[in-house]
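My structure is below; once you've seen it, I'll send some questions.
A, B, C and D are the chain letters, set down in written order, and residue numbers restart from 1 in every chain.
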Amino acid sequence: MSAIKIRLKENDLQQLKDVCKSFNNEEGELINVLHKAQGIFGYLPAEVQEVVARQLKISVAKVYGVVTFYSFFTMVPRGRYPISVCTGTACYVRGAEKVLDEFKRLIKVPVGETTPDGKFSIAGLRCVGACGLAPVVLIGDKTYGRVAPDGVRKILKEYDDK
Amino acid sequence: MKKVKSLDDLKRMKEGLQANIALREKSEHPEAMTQIKVAMATCGIASGAKEVMDFFITNLAKRNIDAIVTQTGCMGYCYAEPTVEVRLPGQDPVVYGDVDVKKADEIIEKHIKEGELVDGIIPVNYETIDKKYSGGI
Amino acid sequence: MHILVCGGTGCHASSSNLLLENLREQVAGKDLAGEVQVIATGCFGFCEKGPIIKIIPDNTFYTQVQPADATEIIEEHVIKGRQVGRLLYKDPVNKEVISDSRKMGFYKKQIRVALRNCGFIDPENIDEYIAADGYSALGKVLTSMTPEQATKEIIDSGLRGRGGGGFSTGIKWDIARKVQADQKYVVCNADEGDPGAFMDRSILEGDPHSVIEAMIINGYCIGADWGLVYIRAEYPLAIERLKTALGQAREYGLLGEDILGTGFNFDIEIRYGAGAFVCGEETALIQSMEGHRGEPTFKPPFPAQSGYLGKPTNVNNVETFANIPVIFNKGAEWFASIGTEKSKGTKVFALAGKINNVGLIEVPMGTTLREVIFEIGGGIKDGKKFKAVQTGGPSGGCLTEKHLDTPIDFDNLLASGSMMGSGGMIVMDEDDCMVSVARFYLDFTVEESCGKCTPCRVGNKRLYELLDVISKGNGTHKDLDKLRNLGEVIKDTSLCGLGQTSPNPVLSTMDNFWDEYLAHVEDHRCPAGQCKDLIRYEVVAENCVGCTACARNCPVNCISGERKEVHFIDQSICIKCGVCFMKCKFNAISVS
Amino acid sequence: MGKLKVKIDNKLVEVEQGTTILEAARKVDVDIPTLCYMNLGDMDIEHKPGGCRICVVEVEGRRNLAPSCATDCYDGMNVKTHSIRVMNARRTVLELMISDHPFECLTCAKSGNCDLQSTAIKLGIREINYPGEKSTYKPDFSPAIIREMDKCIMCRRCEKMCNEVQTVGVLSGINRGFEAVVAPAFERDLDHSECTYCGQCVAVCPTAALTEVDHTNQVLRALADPSKTVVVQTAPAVRAALGEEFGMEPGTLVTGKMVAALRQLEFDYVFDTDFAADLTIMEEGAEILSRLSRHLSGDTSVKLPILTSCCPGWVSFFEHHFPDLLDVPSTARSPQQMFGSIAKTYFAEKIKTDRKDMVVVSIMPCVAKKYECTREEFSVDGNPDVDYSISTRELANLIKRANIDFNKLPDEEFDAPMGESTGAGVIFGATGGVIEAAVRSAYELYTKETLEKVDFEQLRGMEGIREATVDFNGFPLKIGIANGLGNARKLLDEVRSGKSEFHAIEIMACPGGCIGGGGQPLHHGNSAILKERQKAIYREDANKPLRKSHENPSIIKLYEEYLGEPLGEKAHHLLHTKYFRRGRTICIEPDVKEAE
């Protein structure tokens, strides 16, 4: 019952505890804590949630319930170049769906998943507010505006050597 | 560190800061204000337009006159640089040639304040800057 | 001279920050610092043409300015006084060049109240806000009005909540004011979840202090000393600006203890959303702020009675708050003079979709859709035909030609089967299939439903499935009846505003585009040519010149044919992406 | 404030401020169907998330339909519960719910006892107009509880019990929208969670999403195997509730009929867990006195208070949540396990049977007992002391399956020797009973005087936390009682922080004690039923000739013939246990270095 793998390093653990402490280990700060934790680890693996639950004195099930409720939180590591295709209405009517399809087709993973080499992950995103540039695609921090399906290949090419 | 400790503090502070954005507020309704355009092309700058423009900006503010000072390109009166166009609210614009600091002072005191025209008006081939330069400013 | 550079997210995304740097470098390099100020402002609203800069005092409006254009702007416009013609705005209809923003159709009909400082002041500089009358409303309220009087001013102004429901803001404050409690809270809802609406973010990016000022006033009115801003984590720029503004307000003593020497204390903290549309609903928002799953709770009790941590809480959204200071500065009467009988003031809309001038606009209530779409919005893109405009996001409905002259206000939109919502306005043209649009919104609702109540959790899923069947051409008349009954029941029985409005996109498109639904069901045909399963792309032999453009661009290589020969599309491979259709210059690809 | 006049289906009713439409309707016999709503009034457990939307009604002047469970009445309110609009909406909502539910009623464990099914019958559902994708989840089989979340209707009652009432925190709503469901963290199996198997989730589940593991078939097989001697024990709370499954009034005592039924089922020996309860008092009572006297004499190594340990849900709870307090509870095994241990040693020897040929079956009001008997420390060479534990509900099922007309059975007596018990053993079934039984014996042992009045009314009741002081001839013995794990946690927190002033604390995992156990006939949220069961338990106690455990002749004989002294070596070996630190499923802190 006890021997379950652990992936957290000691300093990670300390860092995580410090985050919780910076919010006074308050239960109500759970979402803020999770934001910070995801900022550190890039995602929220079970171990991280366990620690947060323990520090905030709430049940792990509750933490998991919160993590799975909010789309911003993820339990899978994202790719080095996370692709987000805006699927807000403005982008949708300007063809975002086809752009998303093309990305999926080219990197060969469905929405919400990461390529086996960990390079790309793909997700839909609700409105970044750059509707003037619709359809909009974000790769990491870089914004691509007015993306057409046939332009997707070119965008991905930029990441060929990376 | 400034602290706003009372409403009076706030009001004083606002008065002090208002000038920073006054230009933007005025530009929302430029026709209601005196507009001064200084030709700032190479020829203008060479003959001291920048100095004249600075003079207008600082002195209009000092003398509490609501006016907008902008720069414009060469008006084509290269023989009379620096040239300055003055347009009082609701009136036709007037262009002065060979404006120096002294003349500028006179323009402010007489033309702008009193509405009296000052010597040095360039009357010939009258064209507004707006017409001359497509798009206008 | 002031050079205002738009620093809103849209322009930011197109490197306006680089442009800003370049301009500043140029100004410094050319020793113009004395005469020229380069200021990063909030959004100008005209996002279609971003990045945008505006030069004051001559109001020259440059569009789609690239970082590399900085040199030319400084050398030509600033130094030589010559406008850079190629960067000026051209009217999409008559191709006329307009340099003065005030003369542009996009701005002509607008009255900017909530957006008054966006694109006008530097949001990161409290001094500019103060210079623009900032915090004077707070001063006035704290020193010369009782909470009751101040609340009455808001009631008298007729301001209604801009977040969707349109409840009277003043009355809401009054309820919270009258509840006795040792602790109360003010909450600013900045969890703008409507896909296609971005006004709240723009306000926080362009004028954060107005929201802060309004929250303090709200605190004074209801007797709260603590405020929280619940903001989407996906809005990094807005968060940064808000943090900066909070810091400055605290430094100036406008937040904290003994504000303006009146003994009133108030401070504000930021809470982050984490991507849940339902958290725009105030009870869900409160759950989320308390660290729970954002599931709405039954009202009553209303947040004004028992909200954050069980204490009376007033929740308003960003745009609502942004209106507050102006009301005190200019008076309730002034505010009430704008708008229609029951909807006062202005409303900000995020105009997007198949329209020429995409952007953020603010118009008086009562402006017609026609004015918004054709005058401000500059009409439909690429000369296509207007088909519908969707307002209110996933909670709203589609309005058509016949609604174009309806004055926009809360009640008229509701009566037309849509709603104001937060102000998303998506314009659609003849190429948009209304079944697909309804399906798109339902897809959104299904994904965003919290799952707490049955009608929303299961019902919306079933609505989506029915729409999916219809869009694939497999629907029946019975399915249409089911859609309607199910939609009505979901509206009638759902727990919160999300479910109570989620069928609107379906019901309103059924009302207004019944023929289109019938075409899918009876003829298995998608009139707009958008439903993938009902269309095929084919080569029109007589038009095909064999240029190979389609074949070269086809992502799945399903088009074959030699150069200068008629091409052929293999339907078994075609994914109906439409690239061939877009690439063909000879009308040789048909959609059927 | 005055009364409110409300009209419901044209019937006038006057109600207090704060009355919901549902409550008002029930006053005038208007039976609005509900699914997620749950009200265990006396235990102060109310659950009205307003989620299922089955109870919607039409309120005049209101835009949309109102959930009657969560909407308060106001004066002049006019409510219609069966207008065409309401009927259509209610029906549609139910159809939606069923459209995401397996159609396997005939083979379902809850068939006939399912709230969803009975609502469907009530609303006359004959077809599902809105079929579509169904949620599918991997079934989860733990030692005691089965989760089949395909059958979940998201009433969230289990979540309420697990978190707010029991504070165990294993279950939570996860995901959202159509994917939303109730599950343990990371959707792991219960077996890998901190579940105590208290079974309160099972007890309130309206469908078969949560059911107990069914051992009736194994029991039937054992009964049919001629090589096996099958011994059955029945827990005290069973006799106070079993009758309900056969249409009897709540609170009907069916001890004699139950014994008769078990005989008809051909159990070889029909014994009573009450016997083992008396035995528990011998050991636990001795332990209390020993710790108390050592403590009072200044031995600081002895900790007080001492906590009872007969409830396996509770044992599991402190092992998971208070692993630092493992030395606080009594080491005495639970009656079920004492029984098994004695049956497979003392009694097996008596009837000259090898323990391998003996099958011990327990009838328990409990789900956690199923788990308890699988614990390794309660087996010898892989042979468990108790082979199968079945619930009151399963027993009823077994009786029905065997074509036994329970109501017409004669009253019969338990077999000797392990069927003999005192009133003290019986009251184990109600909250406060264990400690009262202990006090009866401990008083006499401590004061060396005869206890005249054995009824300690101050220890009885239904409140979640109770405290009382019993005068031990001048020594005030301070006693705490908690039922429900949430209440237990409060007392435990005090113990942990050293603030507890009690000498002894009784804890039962289930609200009301065993009578409200997770394996009892479903009370469907009616707490009046629990009260009747409680009365029955005390009635049985009062009717017993002997009411102090140490007076039980069979117990006295057991010590004389076999065990020796309470807390003696043999007793220690057979009747006591140790506890394990269970902590969280993923241990991070203690062995970070080893792992990396």
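The rule is short, and it goes like this: a contact is a pair of C-beta atoms (placed from the backbone, for glycine too) under 8 Å apart; a residue touches a chain by one contact, two chains touch by 3 or more.
The model shown is predicted, which means the values in this text are computed figures rather than measured ones.
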Nearest-to-centre chain - CA centroid comparison:
A
In angstrom, rounded to a whole number, how far apart do the mean CA points of subunit B and subunit D lie?
89
Rounded to the nearest Å, the gap between Cα centres of subunit A and subunit B is 54
Geometric centre distance via CA averages, subunit C-subunit A, whole Å:
24
Between subunit C and subunit D, what distance separates the C-alpha centroids? Give it in angstrom.
54
Residues in subunit A with touches to at least two other chains are numbered 65, 69
Pull out every residue in subunit C that's touching 2 or more other chains.
276, 293, 447, 450
Can you tell me which residues of subunit D touch two or more of the remaining chains?
173, 175-176
Take each protein chain as a node, join two nodes whenever their chains touch, and name the resulting shape: line, ring, star, complete or other.
other
Give every touching pair of chains, nothing left out.
A-C, A-D, B-C, C-D
The residues of subunit D that touch subunit C in their complex are 48-54, 56, 64-65, 67, 70-72, 85, 88-89, 92-93, 96-97, 99-100, 129-130, 132-133, 153-154, 173, 175-180
Could you please specify the touching residues of subunit D with respect to subunit A in the complex?
163, 168-176, 183-186, 192-194, 582-589, 591-593, 595-596
For subunit A, which residues count as touching subunit D in their complex?
1-2, 4-6, 8-10, 13, 46-47, 49-51, 53-54, 58-65, 68-69
In the complex formed with subunit A, which residues of subunit C make contact?
9-10, 13-14, 46-50, 193-198, 201-202, 233-235, 271-277, 288-294, 309, 350, 352-354, 358-359, 390, 393, 424, 426, 428, 432, 437, 440-441, 444, 447, 450, 553, 555-556, 575, 577-579, 582-583
Help me check something: in the complex, which residues belonging to subunit C touch subunit D?
276, 278, 293, 295, 297-298, 300, 446-455, 457-462, 465-466, 482, 485-486, 489, 491-495, 500
